[in-house]
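Below are two complexes that have subunit A in common, paired first with subunit B and then with subunit C.
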Partner chain A sequence: MLYKVLDKSAYRDFVKALISEYEFIGPKKKDRSVHDFVPIKDISELDTNYMRVTIPPAKKLLFPPNEKLVTYEVGRKIEVRPVIESDEEILFGVNAWDINGMNFLDRVFTTDFIDENYISKREKLIVIGMDSKPTETNFSLSMGTEYAKDGFDIYLTELKDKYFIRIATARGNEIVERYAKVSDATAEDFRGYDKYMNNYRKKFKMSVNIKNFYDDFELIYDNEDFWKKIAKNCYSCGSCNLVCPTCFCFNIKDDIELNLKSGSKTREWDSCMISEYGLVAGGHNFRPDKENRLKQRYRCKLKTFIDKFGKYACVGCGRCIEACLAKINIAEDINSVKKEVSV
Partner chain B sequence: MVLGVNAASKNTIYAPDVARITRIEQISPTEKVFKIVFDDEEIKNKFEFKPGQFVELTVFGLGEAPFSIISNPKNRDFFKLCVRNAGSVSRALHNMEEGERVGIRGPFGNGYFPYEKMKNHNVLLIAGGLGLAPLMSLIRYILHYREDYKEIMVIYGAVNPESILFKNEIQYWSNRGDISLCLSVDNPDDKWTGEIGVCTKLIPRVKFPPDDTYAAVCGPPIMYKYVIDELKKKKFKPENIYLSLERRMECGVGKCNHCHIGDKLVCVDGPVFSLWQIKNLKEAI
Partner chain C sequence: MRKPKVGIFGLTGCGGCQLEILNLEDQLLDLVNAIEIVHFTEAITEYSDNYEIAIVEGSISTMHEIERIKKIGDIAGTIVAIGACAVSGGLNCLKNLYGLEKAKELVYRDKKKLIDSIEVKPVDEYVKVDYYARGCPPNRFEIVDIIRSLIVGKKPEIPNYPVCIECKRNGNTCVYELGITCLGPISRAGCNSRCPNSVSGCEACRGVIDDPNINAQKDLLKEYGLTVEDILKEFNLYNACRGKTIEQKNK
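On to the complex of A and B.
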């Protein structure tokens, strides 16, 4: 890691240069409450001071909602061709918890088998991180994801009159050296950064008691009444999955073109909340009830990957809380588990 | 944004290899056995599997589904799948003819039946319905190296005599005389002279010493609990009981997450698990 500072007056030129030199994806205001990561052609479109969340999360660049994986020609001879799409581009202004979300996906897509479709995009994506203000439903601080220690090339932190820059990769360093007039961070800059981080962490208003969840969850697992109560209003709509920066479930479907000669395999985001999720041929459904599916979602987010990677699969961004039509609140539910066990 | 399509320079785990159906055999009113050979010699030579592993089969233009391999792993020129006409892919497959092409990915599954560990021990195989299919590869392997194993017993339950799978092979087993067989059907016809009722009822008759016996189990989800209860009564050790689990599998490579049970993925950690591995895993059984 290299630590540099950039004078605020030089910031706009730096960003302008990046916009003109690269495919540049950044946050743009979509409507009153939502930003989205879209291609930016002019700095005026860019809005890094997004108060609310970006929907969908930036993971869409690595793991698109629809992604062609394979194409094939079906004739006398069948030819199968992999589709590995990737082009260098900059993802600008993504915040710490969403970077941590991508870091989680990196683990998923490289464990057991390497998913080239995902990882080739990740390798080509230049990530420039920036802090954003947490919403009132954000509990990243409790999940330990309010700070990104890796998974980016460059991370900009806005101090009073300068940006404190963390550079994590050689590629990031090259970009900074070429397009920004920076100087080495001094002890005073570090002090300013430290002060900033303390204030930044105070902005997270929501907290969860996640400490003993791993074991508490086992005790609560078979408590049907508890889960029925929590899932009572769930519509099984899957909104929580669609907005989640770490959800990665997908289906693979085969399609054939109208010429009946070429076809493809495409992956599409799936949702563990909808009733077909556990359905197998022959009609048996391994997860037929909504309370079971919601419990399963919490197990996946908060326990499963502690076993697998030593990490939570939830970064605490709070998007699912805001997206839920039935006002199901994962943060409150984590605390309810604690309460139920303590009684 | 222009994305470059970089075809064929890199491979993807989702690209199937092309193979040919060389033989189709209807073995029951709803099941067919497909013999499959890879087009490419190199791929054919590299394809090696263990009893209990599965492949993802693509019907091009239609879809993909997982199927257990049922042939003897010693046969390297081909492999066989037993397919019930139950879903969209299997229905399409049932309508295919010999000589037609399919796509194959695999073999998948790090959890397989531990045929090496089972050597010099008794092996009890318990199958319900289509559950006999995933056990066939193991049974064929064991019979290939029969002298390496002690007593072998197959307990197999089917709905009715008509739905009994691999009838010819079962006849051959009973002719061999070195493998005991217990067949049971839920709904007998007039000609049926064998056992009647669920196959779990036959477990109390097993005389194998539990310390010296491995059990391999595969059947419909409802069956496992009862089989485990009976085996526990027999004092079988959980680490010697192996179960092949079924879950929805889209990718086969531990990515799509459909088959997860807690921290286990049936496609990569299974599909065969020892009872010890999943003993305290909620919802596995």
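On to the complex of A and C.
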């Protein structure tokens, strides 16, 4: 890691240069309530001071909602061609918990099977991180994702009159050297940065009692009344999955052309909350009840990947809480598991 | 591969579903190459009683239509209902809410005795329907998907999950956040969240999913200051004929 500082007066020129030199994706205000990561053509469109989360999360750049995987032609023999599309682009202004979300997906899409479609996009995505103000539903601090230690090329932290820059890759260093007038970080800058981080961590209002959740969850697992109560108003609408920066499940659809000679296979974001998710050939459904599905989602988020990678599959961004019309709140539910088992 | 003979029929409806087939434009030539259309109420003059697949638009609202649909059912091995009217009775069912006599009185006045008009019902009240392309209008690509699946002999993938899934895939802001009410959380997807994409609420034109959380939806609408009447009005626009979905009814 290299540490530099950029004078605030030079920030706009740096960003402008990146916008003109690269395909530049950044947060832009979409309507009165949310921001989205979209291509930015002019610095005036960029709004890094987004109060609320972006919907959808930045994972859409690596794992798009709809993505063609292969095309095929049926002739004397079947010819299959993979479709792997990726372009070099900058993702600017993505915050620490979303970077940690991408880091989680990196593990998922490279463990057991290398997902070329994901990896080719990830390798070409230049990530420039920046902190954003946590919302009331954000519990990243409890999940340990309020700080990104890797998964980015450059991370800008806004101090009083300068930006503290962490450079994590050679590619990031080249960009900084070419486009930004920086100087080495001094001991005073480091102190300023530490002070900033201490204050930043105080901005997270929501906290969860995640300690020992791994064991507590087993104790509550068979308590049907508890899960029924939590899932009472669940629509099984899948919104929580589709706004989640770590959800990776997908369904593959086969589209054959009407000429019956060619076709393609496309993957699209799936959701474990819908009843079809647990439906298998023969008509059996492993999880016909909504409370079962909700319990399974919590298990996947908070336990399964502790076993697998030693990581939670939840970065605490609070998107699912904001997206849930039935007001199901994963943070409150984590805390009520604790309460329930300690009675 | 042999081309199946297909008849496309219009019953009580606006004709928009048949028009959706004509609107296929880019795929229309491939479509007529893949199937042999022997009857098409809205598009061809020739008439044929020799078909294997019947694609039916519109609800049943006259005695004559009962005879027609039964005849279609006798001939066709496979029936595909397209559009809200054929699938659930659709908008036409609003007539039933008045009561048949009152509705005839209102519309036809002193000529009402001359008019053949009965309680509106969806197609599957009279014949077995194999596949449903829901919606008002139906998604034309879904109609193609059903035809294609019939040709290659696989089950078409018709979503049975809420509109929210497609809406979120499309990256939309939830219309509730913008102060608009929406039936999306309980309504069948498959339309690619057409209405929320243009910032308006879903009206459940594809009907309700098999396992909807109606109580949660009532709570939610109430929170937005809507009365039970408002709620019923929204549900009734496309679904006055039945409180239940087709699948639940068949169980």
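Note that in this section the second predicted complex is superposed on the first by the 341 of 343 C-alpha atoms of A that agree within 3 Å, B and C clash if a C-alpha of one lies under 4 Å from a C-alpha of the other, contacts with A are read in each partner's own complex, and residues count from 1 in each chain.
Operating definition for what follows: a contact is a pair of C-beta atoms (placed from the backbone, for glycine too) under 8 Å apart; a residue touches a chain by one contact, two chains touch by 3 or more.
As the structure is a computational prediction, the values presented were derived from the model and not from experiment.
Q: Determine, under the contact definition given at the top, whether A:253 touches first (subunit B), second (subunit C), both, or neither.
A: After superposition on chain A, A:253 lies in contact with both partners, subunit B and subunit C.
Q: Please indicate which partner A:280 is in contact with in the superposed arrangement: first for subunit B, second for subunit C, both, or neither.
A: A:280 sits against subunit B, while subunit C stays out of touch.
Q: So, does A:83 touch the first partner subunit B, the second partner subunit C, both, or neither?
A: Once the two structures are laid over each other on A, A:83 reaches subunit B alone.
Q: May I ask you to decide whether A:272 touches subunit B, subunit C, both, or neither, giving the answer as first, second, both or neither?
A: After superposing on A, A:272 lies in contact with subunit B but is clear of subunit C.
Q: Counting residues of subunit A touched by each partner, does subunit B or subunit C come out ahead?
A: Result: the larger residue contact count on subunit A belongs to B.
Q: First (subunit B), second (subunit C), both or neither: which does A:320 touch?
A: Neither: A:320 stays clear of subunit B and subunit C.
Q: For subunit A, give the residues common to its interface with subunit B and its interface with subunit C.
A: 253, 256, 260
Q: Show which residues of subunit C lie in contact with subunit A when the two form their complex.
A: Going through subunit C, the ones touching subunit A are 1, 27, 30-31, 33-34, 144, 147-148, 151-152, 157, 160-162, 164-165, 168-171, 173-174, 176-178, 184-186, 210-213, 215-217, 219-220.
Q: Under the stated contact criterion, what part of subunit A meets subunit C in this complex?
A: Within the complex, subunit A contacts subunit C at residues 30-34, 36, 55-56, 60, 65-66, 232-239, 242-243, 253, 256-260, 268-269, 271, 274-276, 290, 323, 325-326.
Q: Using the touch definition from the top, list the residues of subunit B that touch subunit A in their complex.
A: Touching subunit A: residues 1-18, 58-65, 84, 86-87, 89-90, 101, 103, 220-221, 246-248, 250-251, 253-258, 260, 262-263, 265, 268, 282-283 of subunit B.
Q: Touching residues of subunit A toward subunit B in the complex: what are they?
A: On the subunit A side, the touching residues are 23, 39, 69-72, 74, 78, 80-87, 89, 108-109, 111-117, 120, 218, 221-222, 248-256, 260, 263, 265, 267, 270, 272, 277-282, 284, 286, 299-300, 303-305, 307-308.
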